[in-house]
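Lettered A, B, C and D in written order, each chain numbered from 1.
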Amino acid sequence: MHAIGVDIGGTKIAIGVVDEDGRILAQVRRETDPDDVASIDRAIADACVELGDQYEVGAIGVAAAGFVSADRTTVQFAPNIAWREYPLASKIAALVGPQVPVVVENDANAAGWAEFRFGAGRGASDMLMLTIGTGLGGAVVVGRELVRGRWGVAAEVGHMRVVPGGHYCGCGHEGCWEQYASGSALVRDAKAAVVAQPHLAGRLLDLAGGERKRIKGPHVTKAAQEGDALAVALLAKLGRWIGEGAASVAALLDPEVIVIGGGVAGAGDLLLTPAREGFTAQLSALGHRPVARIELAEQGNEAGMVGAADLARR
Amino acid sequence: MHAIGVDIGGTKIAIGVVDEDGRILAQVRRETDPDDVASIDRAIADACVELGDQYEVGAIGVAAAGFVSADRTTVQFAPNIAWREYPLASKIAALVGPQVPVVVENDANAAGWAEFRFGAGRGASDMLMLTIGTGLGGAVVVGRELVRGRWGVAAEVGHMRVVPGGHYCGCGHEGCWEQYASGSALVRDAKAAVVAQPHLAGRLLDLAGGERKRIKGPHVTKAAQEGDALAVALLAKLGRWIGEGAASVAALLDPEVIVIGGGVAGAGDLLLTPAREGFTAQLSALGHRPVARIELAEQGNEAGMVGAADLARR
Amino acid sequence: MHAIGVDIGGTKIAIGVVDEDGRILAQVRRETDPDDVASIDRAIADACVELGDQYEVGAIGVAAAGFVSADRTTVQFAPNIAWREYPLASKIAALVGPQVPVVVENDANAAGWAEFRFGAGRGASDMLMLTIGTGLGGAVVVGRELVRGRWGVAAEVGHMRVVPGGHYCGCGHEGCWEQYASGSALVRDAKAAVVAQPHLAGRLLDLAGGERKRIKGPHVTKAAQEGDALAVALLAKLGRWIGEGAASVAALLDPEVIVIGGGVAGAGDLLLTPAREGFTAQLSALGHRPVARIELAEQGNEAGMVGAADLARR
Amino acid sequence: MHAIGVDIGGTKIAIGVVDEDGRILAQVRRETDPDDVASIDRAIADACVELGDQYEVGAIGVAAAGFVSADRTTVQFAPNIAWREYPLASKIAALVGPQVPVVVENDANAAGWAEFRFGAGRGASDMLMLTIGTGLGGAVVVGRELVRGRWGVAAEVGHMRVVPGGHYCGCGHEGCWEQYASGSALVRDAKAAVVAQPHLAGRLLDLAGGERKRIKGPHVTKAAQEGDALAVALLAKLGRWIGEGAASVAALLDPEVIVIGGGVAGAGDLLLTPAREGFTAQLSALGHRPVARIELAEQGNEAGMVGAADLARR
C-alpha cells in the first residue's frame, strides 16, 4: 500500500507518495505561512488530492515539529507555527475526505522511524536515533515499535540532564544533554576556546574571517578535517558527550543500534570515533552484553516524509 | 488461565499458583543452594509438579536476579547464583514436561510487571518502576509492554549517570544514579554527615548505639519520623535525587506513573514529597504536559512471583 | 599622614583626601573619557594638585579596574579603558611632581582593603572579600597583608571553577564561581525559572512588567522580601553557592571573616542566612576550628578610594 | 644560625641540625609511641640536648601531622598521635630549657617551606606546594611568607571541593580535590577500570598478581612507563585533575610556581605533562599573565625537618 507523507517545515511543506519500501514515487512542495494554520491545512489537502489522483494511497502521515498528542491527532504546541491544541489530523481529513485516514507524528519521531525501517536502523529491534542539529532531538524504537509516551512527548532526549548545575538550556533547566551534544554546543565551545585558549585558535578564527562571533559548525569541521588540533579536540569533546549520554540511554533501553543524524553528523569519523569510545567507556555491564553499534544516518532530508508515510500505514 | 510464578532468591525459592487477577492461590517455598544450579532446577520442577497436581496451570514464569536473554530462556550471568549462560527455561521444562511452557524473566522486571498489572501502575500505558533497596533497580513499561531491550538488559536504571565525576559505583563507573538514589546512598550520606556535621548528628548516632559505622537506613527513617532535622534532610536529599533522575527518564519515555518500591519506600511521604518536588522542578516541557504521578508500590514481597506468572501467560 | 585616593570608574573619576582612620576629608569628581588615557592622567593630576593645595598629603593611591602589575605601577590590561601595559603611576607622577609617591592598585583589591582596615574586616588578620555585583570580584588579605600574587592578578575569585562542565563564563571556561554567585547568575536563574517553573513565577513576572527579559536583580530581592517562594528560593540558591564556594577558599586560606559586598548584598539576611548554612555545611574540619564569620560590607561606594589611599601609605 | 628540625612521623622521629642553607649537619632518629605523648616530648628533648652539645643552635622547629595553632605552640588535633589541644612547644621547652625557642609547625607546611627556601620553589615569591601521597596535602606561600591562616588550618588544599556531588571524602564531604588528585584516587580509578574496562586492564592485573584488590599506585606507574594505554590514561586523568585544580588556586593566589611532591610525583612526566595541560587549559586570564611553572619537588624525605628548622629561625 502506498501512503502519502507530509513534512511541515518552518517555511515550506514537502508532500510525497511513499511505497512500502520507503521509496518516494512522487513529490511536491508548498510554501508555509506559519501564522495562518488554515492555509497550511489547505495546502496539504490540495497536494494530497493532486497526488491521490495519480497514485492509489491508503493513508496520510503528517510530520510536524511540536508536541503531538499520543493519539496522533492533535498538535498541542509548536515552537514555530501557530498551532495550539490544534486538531491537525481532522482538519486535513475534513478537506481530503473520509476515505483516507490521516495521522500526525512528531517530525523527529517520523524521521527516526524512516531510519529504523529503511536506513541505518533496519533489521534492529531496538534503536535510539539522535538528530544533532542546532539542538538535540531524537526518536526511540522499542521492540520494533515507536515510543510516543503517555502524552506523546517521549524521546525528548535533548532534555535528559547530564550535568547537575550545568549549562543553561532554553527549556529553563541546567545541564540538559542538548547543551553538550548539539551543534549549538559545538559552536559555543569553539567561541569559548578562542577566549580561553587563544594560542590554539588561529585556524578557527581564520575560517570565520577573523571574527569570533562568526564561527559556525562547518568551520570547526573543516578545520578538524585539515588536522587543526583545537577543532579535532572540540569534535572529540562533542563526540564523547554523545557517546556517554547514549550509554545512559542504553542502561535504560538496551538498544541494538544508535543512529546519529543531523547536520553535525557531517563530521563523520571525527565525531563517530570519540562517540564510540565514550559509549564503550561508560556502558554498564560491559563484558556481559554486546556493545551497540553507533552509525551515521542514511536517510536524507526526506526522512520525515518517508517516516510519516510509513507510520500512517500502521 | 492460572500460571505458576517462581521467584528465586539468594537463599530460598518461592513458587506459587497465580490467577489472572494476580491473586496467589497456593504457594510453597524451597531452599536454594546457590552453587548447585541443578538442585535449583529440581526444586523448582518438583514444586511445579506438586502445584500442577492441584491446579490446572498453563505456563510457568521464573524470576531470576541476573541478566536474562531477550528470548526469555537463558540466564547469562547472575551475581549471586552460579549461572553462566545457563538455559534455565529448558532445564526446568525438561524436568516438568513439554506441555507447559517455561519462560525466565529478570526479577526486577517481573516485580515491576506485577505492579503494572495489579498494583500502583494498573490502568497506565507507560510506567517507570524504581525499586530502591540496597541498590536501585527498576522496570520499564512502554505502550503496555515490558521493555527487555535487544539483549535483555534494559531497565538497568541504577546505572544511568547522573553526576559526571560522581561517586564510584560497584560497576566501575562514576556517578551512577544508584549512588544517589538507594539505601546504600542514604546510609553513606548519613555516616558522612556524622563526620561533617557532628553538631546535627546526635539523634542518628543515638539510634545506632553511638557507633557511626552501625547506622542503618531504618535509623534514618525513624529519626526523620521523630522530626530530627538532619534525618529529614537526608531523606529529602534522597527523594530529590529520585525525582530529578526520574525527570530524565521522563524526558525519554514520558511515563504516566512512576512507582517507588523497595525497602526505602517505607519512609513514605518523607521521601515522596521531595521526590515529587524534584521531579516537577526538573521535568522538561512543564506546562505542555501533565505531570506523571509518583506513587508507592502496592505489591509486597510476592511481586516477583506474581509478575513472572503473569508474564508467562503472554 | 593623609593620602589621596583615586577611584577610576568607567564614566567618572572620584578623587579624595583620606586620613589615617579612613575618613574622607575632601572629595572631587571628574569625567572619564575611556578612550583618551592621557586625559585621564591629566584629570587625576589636576585634582591631586588642587587637593594638595588644601591638605598635606604623603601619597597617592589609584584604584583601577584591570590587571595591575605586582609592583603597583602599571595597568597591563583593562576591559573598559584603553590601557594596555600602561605605566599609570609614572604618568601621573610626571604630572604631579616627584615629591609624592603614586601607586596603582586593582579596584576590587582597594575596596577590599578599605573593608579590612575600616569596615567589616577590621581587627581580623585574614579576610576574604567577595564583591557580588554583575560579576563576582574579591580581595584576599593574609596575615594582615593584601594578596596581589606574583603577577598582580590574585583574588580573581570569580574564576575559581566550582562545577566541571558548568555554565560558560565570559572568560571562556565552564563552571566559574561567578556563574553561580553573582547578580548575573541570579537574574539568569530567575529568567530560567519563569520558563521551567511557570506556575511559581507570577510575582516575579509582575514586578518585571510581565516580560521575562526585563527581570532584574532588585525584582528578585523585592519579591523575596514580600515572601514570594520562588524569589526566596532563588536568593537561597545564590547564598548557598556563595557559602559553599567560600568554604573551598577557607580550606585553602582559613580566613577569620568573609565580607559580602556589592549590589546583591542588599538582600541582607535572605542571602546571608543560606550563605552561612552553605559555608558551615561544606567547611572542612568543622569541630576542629571556629567557623569564620560571614558579614555584610560596611564601606559604601567610596571604598575603592579609601582603600587606595590607605594602601598608598604603606 | 643553625637550628634543629624535628619531624614527628607515625612510627619514628627524625631530629637534625640544619644550617642556613638547608643542609643537614647531623641527624638522629627515635621511635615514637603514638599513645604516650610525654614519651615523645622526652625523646625529642633528649635528642635536642644531645645535638645541642655538638652544635650551637638558635631555635628548634617541630613538624607535626595535625592541626597546629596559628601561634605555633599547640597541636589542637592529630589523626595518628594522641595530641588533643596539646601545648607541644612549651612541653619540649620545659625539658630543653628556656634559652632556645621552640615552635611547632604543621608537617606539610614545614615540607613546603623547605621546598620554597631550598628546593623547586626557591627564588619565587608565591608558591603552591601539592604533596600527593595517599591523600593530597599542601602548603601555600604568599609574598614570601608561609600562610597559616587565622586558626592555623590553612593549606588544607585537599578539601577544596572540585565536583559538587562528587566522590565522598573521609572528611564527610563530597567532591574534595583529594578524591581526584591523590594516590588513593589513582588506585581507586585503576580498580574501577578493571571492572568497567576489562578488555584494557590485562597488564595492570598482571602486575598485581591477577588480583584487582592488590593494585597499587606503583603498578600503575610501572605499566604506564611500559606504555600500557590504560595506565597512561589513568595517570593523565590524575594529572589533569592536579592541573585543573591548581588553576582554581591560581585564580585566587596567582602563584609563580606549583611544586608537586609526594609518592605520586615519581611518575614524572607521565603526570607533569597532563598537569601542565590541565592547568593551562583552565587558567583564567591566559594571555594576560605568564603561566606558572609546575615542577617536581626537589627536597626528599627530610623536607619536614629542614623546613621546620628554617621556620624556627624566623
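We take it that a residue touches a chain if its C-beta (ideal position, glycine included) is under 8 Å from a C-beta of that chain, and two chains touch if they have at least 3 such contacts.
The structure presented is a predicted model; accordingly, all values stated were derived computationally and were not measured.
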| item | value |
| --- | --- |
| Chain pair, B-D or B-C, that carries the greater number of C-beta contacts | B-D |
| Maximum centroid distance from chain C, chain identifier (CA atoms) | B |
| Length of the line joining the C-alpha centres of chain C and chain D, rounded to whole Å | 33 |
| Length of the line joining the C-alpha centres of chain B and chain C, rounded to whole Å | 52 |
| Rounded Å distance, chain B centre to chain D centre (Cα mean) | 46 |
| Residues of chain D engaged with two or more neighbouring chains | 163-165, 171, 173, 196-197 |
| Complex interface listing, chain D residues touching chain A | 164-165, 196-199, 280-281, 286-287 |
| Residue ranges of chain C touching chain A (in the complex, touch as defined) | 163-168, 170-175, 180, 188, 192-197 |
| Complex interface listing, chain A residues touching chain B | 67, 76-77, 124-126, 140, 142-143, 145, 147-164, 171, 173, 176, 244, 247-249, 251-256, 282, 284-285, 288-290, 292 |
